[in-house]
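Order of writing sets the chain letters: A, B, C and D. Residues in each chain are counted from 1.
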Amino acid sequence: MARFAMVIDTRQCVGCMDCVVACKTENGVPEGFNRDWIVQDVNGIYPTLHMEIRSERCNHCDNPPCVYCCPTGASHVHDLGGVVLVHHEKCIGCKACLAACPYDARFVHPEGYADKCTFCIHRVEKGLQPSCVAVCPTYCMYFGDLDDPLSEVSLLLTSRKYHLLLPETGTQPHIYYLT
Amino acid sequence: MARFAMVIDTRQCVGCMDCVVACKTENGVPEGFNRDWIVQDVNGIYPTLHMEIRSERCNHCDNPPCVYCCPTGASHVHDLGGVVLVHHEKCIGCKACLAACPYDARFVHPEGYADKCTFCIHRVEKGLQPSCVAVCPTYCMYFGDLDDPLSEVSLLLTSRKYHLLLPETGTQPHIYYLT
Amino acid sequence: MLELTTTRHNPMIDPTLHVWGWEIPVYLFLGGMVAGIMIISGYFLFSGRHRASTQCSCFQVPLVGIALLTLGMLALFLDLEHKPFTWRLYTTFEIKSPMSWGAWILVLVYPALAAVAALRIPESWRIAFKGRLARLVLFSERIRGSAAATKTIGIVNMLLGGLLGIYTGVLLSALGARPLWSSSILWLLFVVSGLSSAAAFAHMIARDPYERVLLAKADNGFLIFELFVFALFFIGLASTSEAHLRAAQLLLGGAFAPAFWVFVIGLGIIIPLIVQLMAVNGKIPHTPMAPILVMGGGLALRFVIVSAGQFSHWMNAHGLPLPF
Amino acid sequence: MLELTTTRHNPMIDPTLHVWGWEIPVYLFLGGMVAGIMIISGYFLFSGRHRASTQCSCFQVPLVGIALLTLGMLALFLDLEHKPFTWRLYTTFEIKSPMSWGAWILVLVYPALAAVAALRIPESWRIAFKGRLARLVLFSERIRGSAAATKTIGIVNMLLGGLLGIYTGVLLSALGARPLWSSSILWLLFVVSGLSSAAAFAHMIARDPYERVLLAKADNGFLIFELFVFALFFIGLASTSEAHLRAAQLLLGGAFAPAFWVFVIGLGIIIPLIVQLMAVNGKIPHTPMAPILVMGGGLALRFVIVSAGQFSHWMNAHGLPLPF
């Protein structure tokens, strides 16, 4: 079995937003909507500030509250790699999943169904990388299988320090930010 | 008004335990008990490990759950500097305060009352430093008044990165660990 | 200092979550009130009060309940963004999803309410439909004659009413991403508020004078208990975590405090409680003002909880506390 | 991997918190059961059942309640580490401290229970003390004769019983440092469990056959409701935070799961529920086994919650989840 994850090196990311543009182009994300986005997180007290730039998206959690709350089974965990997906034709647009996600990673597509990052599963199934990873000009994004201890992502997580987003909510997210 | 706090530089601390010994000597802490202690916190996956050595004690919180739960008013906030103290002759030994403290900073003194770090208030009132700070051979501990923006502790917190212990419990602790 | 800059401005998400507008609070209020109606009329049937008075309100409220629930479901339907697929709710049962539970509970609630309503066919219907309801009237009289049947209908209504009321709260409290909602007591708050709204409504329309006083007293009990539950709700949030404490502060002293204190607590509980306490003690006559305020308070409660809950989030606990 | 090395080995704190042994669970159980006794006998007085049967258990249980509460307070006293200063509880009232509330509630509980007990002086006492109780007997008869007085005593007992039961839960749930306890529903669990233990006890000693069935039915209702509350307790913890989820897992599948499933749920609720359901349906005679199991389950519940709660902590959520 595979368990897909993304590892993002915040020390390399310059916030160019190529990943955002690539996603919108690849997936036809409608105007005014984002499946991924850039966060510039500035912490500290002047003059000692610390900035982290992060490319954020759905965390494809191991404990996905959006899947648990879905009343129709539209939100589900895909057989391949634990990716969280939405069956458009099963979604009734109740928005419980939007409210359930602590990362606010979902939105309602203008056609009415809940939409979000798919880890570009249509590309991954063909052996390609997710479009955001593929276009990154600083090579700061990595996609791979955590179940393979010798994959690039597994090796990065054994050799670098990282943090997760809101681990205290118990979602067990799968986007790792190297620091 | 003063608001006392401690700032501890985890990049300087070598875990020599002089602070522990000084506290036990100064305050006559009985054998087998500790008002302060050393934690070696090792994180990461071999071979990339990260270690932080911390001198820990009562956090003299702004929101002290141990004071709130005390049924007799024995646990209280001192007039000077927001230090959390215990009136021995008011304490009935119900141990609610031990259960209320997320830092497990309190213990039952063999004489029966709840005991803990006092920030060496008897020394501070004489203009001296807490004994743990006074003896530190690496000069990694700082004690002072956060209400004074030009105090050493205030200046350190504006110029260095730091973290708190369990801020998510809402206690608003006052021991700052520089990283 | 904490500064977040994001390029994302997804509708209904940014700057703060606002996926649910007026429809969900209205639905939750009506669902809670119908739950209360089912519990109260079920209890009257169970305890045999419907025999003591032919004007027992357990014969009047269920039809109103069906109407209110239908209105509530209409509001829920209006909120759905992908309406043509609504039927998908009924091709599956998702055991972890409170909304799926709710969809199936609603299926059971209608016949249960209809069974109570069928216990007495309104005189006006008999006249309007002439002889065409004869069979129904006969059937209705036969069930009403059986103590076991009315008692069973009563128990089923109490149970389903309880489930309906609980579900309206669990629906929100299962969404742990919003700290204000993730209180394990929210369902009780909604059940008690639903009971007080239902008792207020029944009290307002009751024809039997003894029952009117009984319902007013019950309503006073529910309102007092609701204040207790509020206290425990806030104590619970305050002792859970920093994020939950800040969520509680949204209602107690933050952006939603005026709405909470004025509409939910003041006008929705305290004032009608005083009025009804005076009424049951015979100091003033019964007035419809108190019940209307109680129901308004119940609606306000759902609006405040749904709005403030969407406003509450975990990020608050992430900014490091300022040292000064 | 997370490795913590500490030089600290404070007694009762390290390696895990264990400040409260058997005394507090016993006290919480007895306090909850007495709360249930007050609510049930208060309700019997309020509803006038004591007039329907001269053998009403509301005359028998209050004296037992006083005895049990005294035992419970003895256990509490044994737990105190600084006993000579116990009187300090009564020189202050600390509004934020549930334990201070509890100390003062207990002061009010004794006279309330005594008032119920005084409604009927046991025949054996009259004989034992000969004429010396004449005045008390006269006083007792006069109160029993007044409907208003018995009703007021009933209401006061229900209210104080409710407060006592709620406080035994809030005592723990206010301690947010222990995630298992910081559920805003723990008080309801304890109140319902107290009610079921009290109903079981009264059912066991009831002399009036109608009342015996009534109490067994009520007990079944409490036990079923307790299962509901357990479900909501776990749903609540699971949707609060990682630390709370892990605390819930301690009971559901962790170190405390065998005790929880076997003693609290199986022997404490399911088995006696089945036995009592069969008994009220006349399939088997009433047996003291079911009530004893219910009370055992109530005690086990307090032991499991107090022990597992001390074991649960926030640090769990700090170890970074392993990627594989």
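Definition applied: contacts are C-beta pairs under 8 Å (C-beta built on N, C-alpha and C of every residue); 3 or more make two chains touch, one makes a residue touch a chain.
Model, not experiment: these values are computed from the prediction.
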| item | value |
| --- | --- |
| Co-neighbours of subunit D and subunit A - touch as defined | B, C |
| Between the pairs B-C and A-C, the one where more C-beta pairs touch | A-C |
| Relative to subunit C, chain with the most remote C-alpha centre | B |
| Rounded Å distance, subunit B centre to subunit C centre (Cα mean) | 48 |
| For subunit B paired with subunit D, centre-to-centre distance based on mean C-alpha positions, whole Å | 37 |
| Centroid distance [mean C-alpha coordinates] between subunit D and subunit C, Å | 29 |
| Residue numbers of subunit D (touch at least two other chains) | 174-176, 238-239, 241, 243-244, 320 |
| Per-residue multi-chain contacts in subunit B, two or more chains | 44-46, 65, 157, 168-170 |
| Contact graph of the chains (line, ring, star, complete, other) | complete |
| List of subunit B residues in touch with subunit D within their complex | 17, 20, 32-34, 37-46, 65, 68-74, 89-96, 98-102, 104, 106-108, 111-113, 166, 168-170 |
| Touching residues on subunit A, where the partner in the complex is subunit B | 44-48, 50, 157-161, 168 |
| Interface residues, subunit C side, partner subunit D - complex | 166, 170, 173-176, 182-185, 187-188, 228, 232-233, 235-241, 243-244 |
| Residues of subunit C defined as touching subunit B within the complex | 238-239, 241-245, 317, 320-321, 323-324 |
| Subunit C to subunit A touching residues, read off their complex | 1-14, 17, 19-20, 79-83, 85-86, 88-89, 91-92, 94, 96-100, 102-103, 171, 174-178, 241, 310, 313-314, 319-320, 322 |
